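Both of the next two complexes hold subunit A, though its partner changes from subunit B to subunit C.
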Partner chain A sequence: MEILVCVKQVPDDSVEITLDKSTGMPALDKVAVITNAFDGYALEMATRFKEAHGGNITVVSVGPEKARDTLRNCCSVGANAAYLVNDAACENSDTYGTAYALSKAVAKIEAEKGVKFDIIFCGKETTDYTSSQVGPMLAEIMDIPQVTNIIALDPAEGGLSVKQETEEGYNMVDVATPCVVTVTKPSYDPRYPTMKSKMAARKVQIPDITAADMGADASLMGEAGAKCKVVKVFEPAKKEAGVKIKEETVEETVAKAVAMMSDAKVF
Partner chain B sequence: MGYNKVTPELIEKFKEIAPGRVFTGADINEDYTHDEMPIYGKYDPDVVIEVASKEEISAVMKLCNENLIPVSARGAGTGLAGGCPPVAGGVTLVTTRMNKILSYDLANFTVTVQPGVLLNTLAEDAAKQGLLYPPDPGEKFATLGGNVSTNAGGMRAVKYGTTRRYVRSMEVCLANGDIIRLGANVAKTSSGYSLLNLVIGSEGTLAIITELTLELIPQPKETVSLIVPFEDIDACIGAVPKIFMAGLKPQALEFMESEIVYMAEKYLERDVFPHVVDGVEAKAYLLTTFDGDSMDALDPIIEKASEVVFEEGAIDVLVADTPDLRAKAWSARNAFYEAICAATTELDECDVVVPIDKIPELLKYVNSLEDEVGIKIRSFGHAGDGNVHVYVLREDLPREEFLEKAEIALGKMYDKANELGGLVSGEHGIGHSKFDYLKKSLGEDSIDLMYGIKKVFDPNLILNPGKVCYKL
Partner chain C sequence: MAYAIPEENYDLLETVREFAQKEIKEQCKEYDVSGEFPKEIYDAAIEMGLHTLEIPEEYGGMGLDKVTVAALIEQIGIADAGFGTTFAATGLAYKAVLAAGNEEQKQRCADILTETGFAAFCLTEPMAGSDAANSKTTAVKDGDEYILNGRKCFITNAGVAGFYVVTAMTDKTKGTKGMSAFIVEDGTPGLSVGNHENKMGIRCSTTADVVFEDCRIPASNLIGEEGQGYKIAMITLDMARPYMGCVAVGIAQRAIDEAIAYMKERVQFGKPIAANQGLQFKLADMQIKCETARQMVAHAVSLQETDKKYSMESSIAKAYAGDVAMECASEAIQIFGGYGFSREYPVEKLLRDAKIFQIFEGTNEIQKIVIANNLLR
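Showing the complex of A and B:
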């Protein structure tokens, strides 16, 4: 199968991010960049699928020049080819603008490679803005089926059998291809690249795609095309430590909790 | 040595010195009776004082010296050799409230801290300023006072050395309550005996640390970790000296067998290292980190390292060059101690250190003891600096049998380390648990000299009695 994995380069989410007081925006200058964790899971799932059933994996990212490093890293852990949608018109796109750019990139890459993608993998969300919208919007724009929050997939007649995680358990969903799947954390982690795969990835050519190359309407992307405007970025209020109430018996504990709430005029 | 008991009058005086922070009897937290190795016994202090300033330490010491009351200083209690438990009772001075980072001197790359600052706190604070405190012991929630008192080492000792190298000066309270400064904020010294270096690693037996000035270095810009699986354990250990012989300077170089990796993965509930690589089952791994100013500078280094390990029979070389992969790669190693503790009812340990080229011989011997003595042994360690942590596990053995076998196994390990030109402890210290082994290893003359030094600093032998260089 032909597989596309959409990835985003994001700030390292294991470090504390603060706001730059002068710009009012997150201070990211000294923060390392990594592949969005859920995109990493998506690529690992795609790679395992490829290893079991054959196929090719292409990765694509809408991002700045620096995102080329992330794409190269993807090529060292399973991707066969990579494209970077790199155009000033895409800067500061909202989720719709990004999904639109991706849809255009899909058509452009398909035409260039002479293939049709059977499965388009996205992470279920990014760890920076956590909107969970790009995958579903991409499927809508392309008018193909989608299954969100998947943790496993296998080939099935006419498409795929997909295991979707829900709050209660799982749904087993049959879906026709081509389709979009968004991936949540499966039971495994992404693999490490090897020295050999890193060296091979260094030689991979990663072509740029511009808005003009893919025939995109620049007015639908970037800040100008954004349907969602960022009014203000602020740090969430720090939560104060809670009060632990533990009395001898459950009844006493409940009575004390009720009394405390009554004193605090909660009711 | 005949010590006096702590009287109610003395306790009242302590309460005047440290109001609200003096504890006796049932109010003493049980944690203060031991360190992280309860197998070496629990000892009740007569009184615990959570000191908040050097003036309080000085006043307490003066009183205790005049009244012949033993005093044991204690940080976070994360030691592994019975260093802080008060074997003679008396006063336990807890320094964890003295936890302020006092100042940075960015022109001289130093930081001045109170002794109760946690290693993790300093590491995070220094990182925010683009600086690195190089010592990196596995226990990140130890106090810096404790780290200095044991000359703690850690993962990065291979390249950067141990805590000792980073102590520029310190302020200490002597047994009589006088406060003096040792060392200075200078890069070199040829100014008489180094009292500073005597106190470093002295486990609270010579003086109580009240303030530390520590050296920092610029944070390396890039780091890459390599996970190197081997099918053959001997080949894996044998690769360690070859890495150094190739002129490579890893920041960290750890050796681990697959069993202990599995143990840690079970504890963490996640797979960290691949168990089968290219269809070959890995039996042992090297985990190494290189640092440098740029990835371009690091690339030829990790390529060279890969060449070396492939020549020695590595199955593959896995690269952790992003923050998430590095954190994952080290998560298993950082959980070894907790994983071993979780897997057994009781354990004993040793952290012998041998010349780097003797590591293969030592580990091979340690592994042979499992069958010879009939006790489960797990080892891991800082292969890069010759320091191996060996744990003997009780599991389901009856306690008496475990203690007997552990003593036999540990005795043999210490003998072997001695034979290989090694020493009793690389970084955990001697406390009251390793004195016999130390004496056997160093001989009477060295122990007598140590005891003589102890008597000069502490004529009444009130500071942490029965530790390091003599038994009660």
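Showing the complex of A and C:
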């Protein structure tokens, strides 16, 4: 099967991010960039699928020049080819603009490689804006089926059998290909690259795709084309310091805690 | 990350650092207590190819420059020195083949190593420690085979190695010139492994006796020529010592990292203890030592890389890095106060791990003999 995995380079979400007072936007200058965690799961799932059933994996990112590093990393853990949609017209796109750019990139890459993608993987969300919209919008624009929040997939008659995580458990869903799947955390972690795969990935050519190359309407992307406008960004409210209750005995401590909760009308 | 390595190799350094920090550092604590060999973690490291760092490109390796290899091994050493030792000892055995083996042996051992992940170098015997020439192990030629008999002790990677490089006497009357070096593949009848040493430190590396009882090997497993074994062993140790040095630098670096974190966090007299200049000076001294040891390691391997003389520099790098690891580990404990002495905290292990670096691959006294011999020659 021909597989496409859409990946985004995001700020490292393991560090605390604060707002830049002068711009009111997140201060990201000193924050390292990483592959969006859910895209990492998606690529790992795609790679396991490829190892079990054969196929090729292409990765694509809509992003700035430095996103090339992320694509190269992907090539060391399973991807066979990579493309970077690298155009100023895509900067500051909202989720629709990104999904639109991806849909155009899919057509462009398919034409260039002379293939049709059977499965398009996306992470269920990015760890920076957590909208969960790009995958579903991409499927809608392309007018193909989609399954969100998947944790496993297998080939099935006419398409795929997919395990979709829900709040209560999971659904088994049969879906026809081509389709879009968005991936949440499966039971495994992404693999580490090997020293050799890392060195081999250095040699992979990662072509740029511009808006013109893929025949995209620049007015639908970027800040101009955004259907959503960010009005203001807030830092999460700081948690207030808790109270420590420590009476002479455990019984007294519990009694005091219950009394305080009762006063605060917790119950 | 202060080795000056080619820009393109920083991605390898980052990959190994991340693996070592996430998959080795915390996990190895448990094995430090139990003394078991962390097989699963080694499997993951082998999957990444960390055992093949020193195999030249023509034999299927990656063709990395030596300073990069040192930098990568240091990252493993930072996470766990026993883990670093295992790979450095594997490199030690393979270096003997690289130094004096023929093409077939270099390729065969590279293949075995790639496949099995480990190799062992067997020089030390009960009566031949620092005095390595006093070997009692014998190798007697019988047709197109050699028959080995004897006992080696304190052998790193005994029991897990895919091949053993073994020194044995082919002619006892000739002293050091009567010693030869051989490749013995794992599984050869007559090769067995004794009990694992219950060690003070580097407990994630495995150490045991290796015993040869009428162990027959093909004559083609002779490395170099008969009588060259002692020379080969000495050249091999010269080549290998800086790499043990970089594991020791890893311990020193870890001591610094732990000390910095604790100094910022521990409050006494109403302020973090990092605010005391007395401790800042301690930290700066640790850094001076660690960085100079690291650069001595880099210098020694650079000399090797560029085919210059490096015997003395290798000994300096290893002896100095071993001392620095001990000093930095001890100072880190001091900075941690009573908590440093507790096994609940990470620094007492560093001191236990550090000590061996003043002992194996030639004690620091022996390194000084090498250094002085080089000076007085």
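A few points about this structure:
The rule is simple: the second predicted complex is superposed on the first by the 240 of 267 C-alpha atoms of A that agree within 3 Å, B and C clash if a C-alpha of one lies under 4 Å from a C-alpha of the other, contacts with A are read in each partner's own complex, and residues count from 1 in each chain.
As a convention for this text, a contact is a pair of C-beta atoms (placed from the backbone, for glycine too) under 8 Å apart; a residue touches a chain by one contact, two chains touch by 3 or more.
Since we're looking at a predicted model, the values are computed, not measured.
Aligning the two structures on subunit A places subunit B and subunit C in clashing positions. Touching more residues of subunit A than its counterpart among subunit B and subunit C is B.
By the touch criterion stated above, A:Ser14 is placed in contact with subunit B alone, subunit C being left untouched.
Within the superposed three-chain model, A:Pro193 lies in touch with subunit B and with subunit C [touch as defined at top].
Once chain A of one complex is fitted onto chain A of the other, the partner contacts of A:Lys113 are absent, as it touches neither subunit B nor subunit C.
Of the two partner chains, neither subunit B nor subunit C is touched by A:Arg68. Contacts of A:Arg48 after superposition: neither subunit B nor subunit C is touched.
Across the options 42-50, 96-104, 132-140 or 366-374, subunit C meets subunit B in a clash only at 42-50, per the superposition defined above.
Once the two complexes are overlaid on chain A, the subunit A residues touched by subunit B in the first and by subunit C in the second are 73, 192-196, 198. On the side of subunit A, the complex with subunit B involves touching residues 12, 14-15, 30, 32, 34-35, 37, 40, 73, 76, 188-189, 191-196, 198.
The residues of subunit A lying in touch with subunit C in their complex are 73, 192-196, 198-199, 202. Partner subunit A is touched in their complex by these residues of subunit C: 8, 11-12, 15, 18-19, 23, 44, 47-50, 52-53, 62.
Of all residues in subunit B, only 130, 226-227, 270-271, 274, 302-303, 306, 316-325, 327-329 touch subunit A in the complex they form.
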